[in-house]
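Two complexes come next, and they have one chain in common, chain A, joined by chain B in the first and chain C in the second.
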Partner chain A sequence: MGGKVTCTLGEVKNRADFIVYWGGNPAECHPRHFTKYTLMQKSRWLPRGRKDRTMVLVDIRETKSAKAADIFLQVRPGCDFELLSILRAMVRDEPVDPDAVAETGIAYDVLEDLVRRMKSCRFGCMFFGMGLSMTRGKHMNSAALLTLAAELNAFTKFVAMPMRGHGNVTGADVIMRWQTGYPFGITFNRGYPRYNPGEFSTVDVLVRGDCDAAFIIGADPGATMPQPAIDHLARIPTIVLDPHVTHTSRLARVHITTAPAGIAAPGTAYRMDEIPLPLKPALKSPYPTDEEIVRRIREAVATRPFWMPEDSPQMTTEQL
Partner chain B sequence: MLRITGGKIYDPASGINGEIRTLYIEDGRFVASGEGGRTIDAAGMIVFPGGVDVHTHVAGGAINFARAMTPEDHRRTQAFIRSQTRRSGLGGMAPTTFATGYLYAGMGFTTVNEAAVPVLSARHTHEELSDIPIVDKSSLVLMANNELLLDQLDAGEYERARSILAWYIRAAGSWGIKAVNPGGVAAWKWGGNAGQLTETVDGFRHVTPGTIVASLARMCHDLNLPHPLHLHCNNLGAPGNVSTTLETLRHLEGHRAHIAHSQYHAYGGDDWDTMRSATSDLADWFNTHDNLTTDAGAVLFGDTVTITADGPWQHLLYRLTGRKWGNLDVENETGCGIVPYTYRPGHLVNAVQWAAGLELLLLIEDPWKVFLSTDHPNGGCFWRYPEILELLMCADYRQECLRQLPDRIRSRILLPEIDREYSLYDVATAMSAGPAQALGLPRKGSLAVGCDADVVIYEEDDNIRRMFSHPRYVIKSGEIVIEDGDIRETPDGREFLVQPHCDPDTETFIRPLFEDCYTMSFDNYPVEPHRIPRAEIHHRPASP
Partner chain C sequence: MNASRTSRQGVGINAGKFSKEYQNAVSVMTMHPEDMASIGAQEGDLCRVTTADGEATFACTAGNVPEGMIFVPYGPATCRLMNGSTDGTGMPQSKGWPVDVQPIADDDVS
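Coming up: the complex of A and B.
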């Protein structure tokens, strides 16, 4: 188990005749997803657009996205991993325990129909949201879904993709990977990158009170992190770069207002399928960009203060 | 001014074989003479032009996917600790960008060619390339499965297809084009593949892998590209695939081409149990045809991660090994697959692969035609090149390694009968002068006056692996970057881009087709050359 079988969103637009959303509510959280990529688009291979596609929604409650679905499966909360494992077994024609099926809240014949559709479509795609990846089982749930998608390739073409959001989180992930080898949860405290989610992830470092300063760019942990983490941010010198006043900026020692990326600041953002998009600002902002501020801080730190001896080993002029 | 005196100079591009001469460097180039400045006393040392890697995967969506998939390797690998001149990073199977620059330069390589870039994510590849310090870079754009192009070929519109190709090369900011499993990756979009050169590709009416190969090779010539078609043939890795490879070479109809990682395309036999090396068939073809170059794609035993645009092959590899599998299909253009892999000496197929890579390097007589590569990281990591050099330069060591392999292997390979040994001159050709010439890179791979002052100086040593792993000096564009085993400077390298002639109405023609199948706005699609730092753009008029 491991890896990810995926594609860019254009492949879904052009080919996917079978689409599953699992643990997400795209109608409200990614409102352009249906129209731009997954359901409404027509293509060479799907000339009738929506009519040529089947959409399944798997979630614990009937959200607005259920209206767009051809099939809605209401899974019992906390049973996603079990349901995915049952589907993996059924895809391989292995026997499954009826009690285990009943436990998921979905009838066996409904699952049988789902498996038949999955195996007989021409191009299937599963999108999964935080309802799967951030609930009980967490990364094991994602792994089970990704494995199901990989195994379905023995029968037909099948891919899977996480429904990422929150601005340019994918871009941060991509760049951390090429510079350090890891996507997040990295420490440099030994002079080289080390990775351990749960130990070095921001939330864990803050909850344990391990850091004595925080530098936050374009994120609002004060709104989403657990209270002990927020308390620690208020305790230590916290510096926030953000175009807006946020929960975090209110508790920070320093808030530097920046030009909003994509509106008044240029750059590159990475889409959920890791395709880089250039940002072309439409407006001018009186505020500096994040990049400019970070560069100026770096230069200021690298400059030798007057009280430091000239050959001091801590000072670097080139790189910091 | 920098002078290098007393060293034995190996400069195959100028035909200099081990003569003691003085090199003069000024403003990043070699000059005829000069006074003042620093002198490096290279007496008793060996002087080569900086290494050039003709085929490697060091930047972009695919290798970055591989980095994400192998955290367990990062943890055990060489760490680069941040210092005053160096940024931190990790080596290993899929090194991070900064470490990639340090490792290449540390081995005496000063130019690398990233061999597989989808246009859709080319912006990402260039951002990564600019984060690889020291070395100069070029890149090749993936074209053999681009449906807009294939549609034109399908309709018999050769010239229109050629304009589209030129437009894509400009849009990607590339140096040339790479064809991967022509037609096969397009078919993989529906879970299929393309194994026969004369069979129509799934989803098309006329176009076959054979016509794709022939057309692309001709287009490279018509567009006057510095590097010919860079070709990854169909049926990679499959037993008996040498027949496909030879048929592909026939389809080139005499046009120039570079055959990538030919080791993976040189097998006989019918299945995994009967697989054997068929390198002599392929080597004969190379020895008798002058339109071709190749790189070995040699295999070294040990752990690695395989990365290729050949999606269907990676699905097969995943099913064979049961290991992690990454796949990324790119709309309209190409695919990509990633599977970690371990080459084992006791495994018959792996042993054949190991021998086949070395056989090609030894059986193709002209070192201007076959270059050192492992198709990093597919056959092994690039920082293991010195191990291959030791195998090429010492027949005794080769025999010793062969004794470690299972006895059954002997009937399947030719390596035990080969006693050729590479000379230093051969190594300098296969590692620098040859690949630079094949890539058409200006001023690379030579120590002649006017060329870029990229030099590597080795301390003569009986231990070949040690000698090539640890050069005494590495000079990049006249700057000493490695001295006595330490990284002294980490300048930023340049990037080479080519802009072939493109009919002005091509954009008007592509726009509606593009908007139909892509999910990005047309105006955002081409990489703006001004966003590629230190780009060196070469304009090419069309061939007369």
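Coming up: the complex of A and C.
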């Protein structure tokens, strides 16, 4: 476990002749993925476009993406990790338990055919969605898939990529990573970043009631997080920056309306393959940008006297 | 219960979360026709979905989901059913919960 063997979507578009979507429904959730990158594009190495590519969909239900797939594998709910482990064994020609295979809901000869195709393609890419990463097993499921992709490189070129959410969620991870070394679940309360998912991650901090104020930029936890976390946001002073009225803005003490990024505010958004793309605003907005508001709050806070004792380790270099 | 995104829910987010479009998109659950028959629910009936953590009401519709599974789009209703524990991962489990589904009698709608 560890590491992600990946590439850019440009390489997928030009080279990938074997595509697997696992626990994702791009037909509904990433509607331009097929046409711009994975299936329809023709290239020097795939001159016939769709005809040169094979697409496999793995999911627990037959979604709209199944219509676009050459092979649809309906895995039994909660069996993704088991299925990935079986595939890893089969890729290495190791024996597998027929009962374990039957448990996944997919026949052995179908898996045998899949493994043969995976090993014999020229450039394979596995995309995985929340159907893999948000069900039982969570990051262990993702790790199993990433390991399978890495191990397939003993036979051919194989990569994997998560199907990221809307907006700029990839950007949030990428920026946190190069600024602090960690993607999420970070605390700065000792003056330097510390990482511990389950302890410092937002949902856990809110559910335990550890924080006594919340500052939310461009997210709607009031319509996405578990109810105990939402209840805590309603109890404490919550400040929201958002172009829209949302469930979070309704429970917040303060809602500052902002210019929508990419439409009325410039900036940078990261594509799901972590390529930064500049955003050019097409419209003017009477509202300030997120960046301007955060900068002004920071400036206002900086004029206040430091609240902890002199020389405390929490003091930043600036304050010292 | 399997919660997920749909294109209608995604469009609804941008139309506004208090728009009819979004509210309608996130208040419908899809069930296997035989599961609907076995609990005595008709197309469009309101059903109460209960987990150990909360309950929510959805209008049910028959569709192509495996028997024993209900499918709902993410929204405020799924938040009420979700457990706050992340098992130390930082991510709450947002799919695959055991749920209890009961049709709501007409005189019981609150």
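By our rule, the second predicted complex is superposed on the first by the 303 of 320 C-alpha atoms of A that agree within 3 Å, B and C clash if a C-alpha of one lies under 4 Å from a C-alpha of the other, contacts with A are read in each partner's own complex, and residues count from 1 in each chain.
Basically, contacts are C-beta pairs under 8 Å (C-beta built on N, C-alpha and C of every residue); 3 or more make two chains touch, one makes a residue touch a chain.
What you see is a predicted model, and the numbers here were worked out from it, not measured in a lab.
Chain B and chain C, once both complexes are superposed via chain A, fit side by side. After overlaying the two complexes on the shared chain, residue contacts for A:Gly3 are found with chain B alone; chain C is out of touch.
When both complexes are overlaid on chain A, the residue A:Lys138 reaches chain C alone and has no touch with chain B. Contacts of A:Ser201 after superposition: chain C is touched, whereas chain B is not reached. By the document's definition of touching, neither partner reaches A:Arg295: not chain B, not chain C.
When the two complexes are superposed, the chain touching more residues of chain A, out of chain B and chain C, is B. In the superposed model, A:Pro193 makes contact with chain B only, not with chain C. Figure legend note: chain B and chain C, brought together by superposition on chain A, show a least Cα distance of 15 Å. Overlaid on A, the two complexes show chain B and chain C touching no common residue of chain A. Within the complex formed with chain C, the chain A residues making contact are 25, 28-29, 31, 60-62, 74, 77-78, 130-131, 133-136, 138-139, 166, 184-185, 197-198, 201-204, 207, 220, 222-230, 244-247. Across the complex, chain C meets chain A through its residues 2, 4-7, 10, 13, 16-18, 53-54, 64-66, 69, 71, 74-76, 79-80, 82-96. Taken together, the chain A residues at the contact with chain B in this complex read 1-11, 13-15, 36-37, 43-44, 122-123, 150, 153-154, 156-157, 159, 174-175, 177-183, 188, 190-195, 268, 270, 274-278, 280, 316, 318-319.
Across the complex, chain A is touched by residues 59, 61, 64-65, 67-69, 71, 74-75, 79-82, 84-90, 92, 94, 96-98, 120-121, 123-124, 127-128, 131, 189-191, 315, 318-319, 323-332, 338-339, 516-520, 524, 528, 531 of chain B.
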